[in-house]
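In this document, chain identifiers A, B, C and D correspond to the written order of the chains, with residue numbering beginning at 1 in each.
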Amino acid sequence: MNRARPEQPPAANLENDPVAVTIYHLTVRWGECDPAGIVFYPNFFSYFDQASWNVFAQVGITRPVMIERFGIVGIPLVDAQASFKWPCRFGDRLEIESHVSEWSTKSFTLQHRIRNGDREAVEGYEVRIWGSKHPEDPNRLKALPVPKEVVTAVNEGTILRE
Amino acid sequence: MNRARPEQPPAANLENDPVAVTIYHLTVRWGECDPAGIVFYPNFFSYFDQASWNVFAQVGITRPVMIERFGIVGIPLVDAQASFKWPCRFGDRLEIESHVSEWSTKSFTLQHRIRNGDREAVEGYEVRIWGSKHPEDPNRLKALPVPKEVVTAVNEGTILRE
Amino acid sequence: MNRARPEQPPAANLENDPVAVTIYHLTVRWGECDPAGIVFYPNFFSYFDQASWNVFAQVGITRPVMIERFGIVGIPLVDAQASFKWPCRFGDRLEIESHVSEWSTKSFTLQHRIRNGDREAVEGYEVRIWGSKHPEDPNRLKALPVPKEVVTAVNEGTILRE
Amino acid sequence: MNRARPEQPPAANLENDPVAVTIYHLTVRWGECDPAGIVFYPNFFSYFDQASWNVFAQVGITRPVMIERFGIVGIPLVDAQASFKWPCRFGDRLEIESHVSEWSTKSFTLQHRIRNGDREAVEGYEVRIWGSKHPEDPNRLKALPVPKEVVTAVNEGTILRE
């Protein structure tokens, strides 16, 4: 896969340019379910969050690497959405399929699909930034461009080069 | 306000027909914040959830009333979205402004706006159903039409009539 | 191991009568940590809870089995305690070692030990009941004697007999 | 009340030396309850945690004050325990009564009592330290002696002097 387009910022993935999909598994916990017996819906976003950290960690971009090598604080959210299609209950084993569907200069978008057995349970996205402390206001975060080697590692599903 | 349109199902609110806005206050808890020092984003959906229950409870439609009078299990989600605009931290006092922006035959939409001091911190929506147990499959929920007196009470911000 | 003492209620385990130890693994999640960067302490009790359900599930006593075969609602808590010895952080892989240290007629005690690498991070216990709905007050739960086959399965770490 | 005993470290409170009791109110949230319809027990420790921060905040010792004036990171736990006596459910309004029952040189103990209506629902304690970063190991925290003016403010329930 030839991704070397040095003069350009990370761009939206082309349709015919497949990106790596990361799979994350989890089992629904008792305390994540509500009195209706189903997962309390904000916890699905918590699942998305775990899956997103995992997308990066799987290619060697753990939070310590983010801090020490890239000088960012984290990958905070600017937008998130989910559609809930099938209920999930205590003990259900879920599979989350995640990939970055777009890298723009200021943010990137993760698509998540949660399967519960052979049903699609939840589908949604997160828009996140590559976030450093704002130089003028410690209470805010500032979006930096995502480094090209990060984009490449995540898109290709290959370990970040030293 | 004359809302008596007996032959019609609950319809989308007309623009010139203002609906009641409910205010909900909360203070950000220590355990709701992450190592970046800001609210862990799924907790904003938990705030939305609290605000939504409050919209109904404020007009006398508590969960026991939902169960005993209306025979539903709850008001589960089919869709939710949020945009995160300003970080919130431990101890921040937040104000959530919520209203139902649309009643359709199968679902209804709540709009939420979270203010942190004089900043708008988060904005989003939830689409929920008026959910009873599915008659043929106890693992599923079924959307019932929202009773007219519920729509009226919530839209007008007046206590549900006995 | 001969545990057939039919005339007696389940008793405290004798010292020379080893009970099965169950191991449960988990990785600390981002949203489980607080602004000090360490696991928000109530989440360690959530870990205990997961480990306890796992003690039963590992021998075939899932919650559906509890409900359908034994007629209980769950295994609610009457007491819990933990000592925190070493901090745990985002991404740490934890191992929880759990066993039932005592079965009394009204309750049972689970001991938990959480290891973080080669450190003991947390140690504690939970006292739980085998809880059915109270016959006279639906708002309360009533402790039933734990069925002998449950005690045997958990103590021996062998699948519950049909 | 004469608390001036300058040559001594903060000591256990004498029986005839009443300490201030702080009251904290909260309403049980939907997402804090489990499929049995009652508060998921780790959330009671989350309630304790909120009540403890409130004990300090009520006398002017917020977390920014802890960090900026006293140079600590927080008040992490070394031990916690709770007894669960009466179930709490969605919408229940709880009252938590908290006080520091002991100041020792290395830690302090908070006693909490949660009332649900006219029932005592939960009773327990937390042992915490006045925690700074460990000078030799950034992964650990170190207990510092609690400053005398903090002990006085909390015991007397009076605002911390500048």
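Everything that follows uses one rule, which is that a contact is a pair of C-beta atoms (placed from the backbone, for glycine too) under 8 Å apart; a residue touches a chain by one contact, two chains touch by 3 or more.
Every value quoted in this text rests on a predicted model; they were computed, and no experiment measured them.
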Chains contacting each of chain A and chain B, listed by label
C, D
Averaging each chain's C-alpha atoms to get its centre, pick out the one most distant from chain A.
D
Chain C and chain D: spacing of chain centres that average the CA atoms, whole Å
27
Where the CA atoms of chain B average out and where those of chain D average out, how many Å apart are those spots?
33
What is the distance in Å between the mean C-alpha positions of chain B and chain C?
36
What residues in chain C touch two or more of the other chains?
30-31, 34-36, 40, 42-43, 46, 49, 89-90
So in the complex, the part of chain A that touches chain C is made up of which residues?
29-31, 46, 49-50, 53, 57, 62-63, 90-91
Could you list, by residue number, the parts of chain D that touch chain C in their complex?
34-36, 38, 40-43, 45-46, 49, 73-74, 76-87, 89, 139-141
Would you mind writing out the residues of chain B in touch with chain C in their complex?
30-31, 33-37, 40, 42-43, 89-90
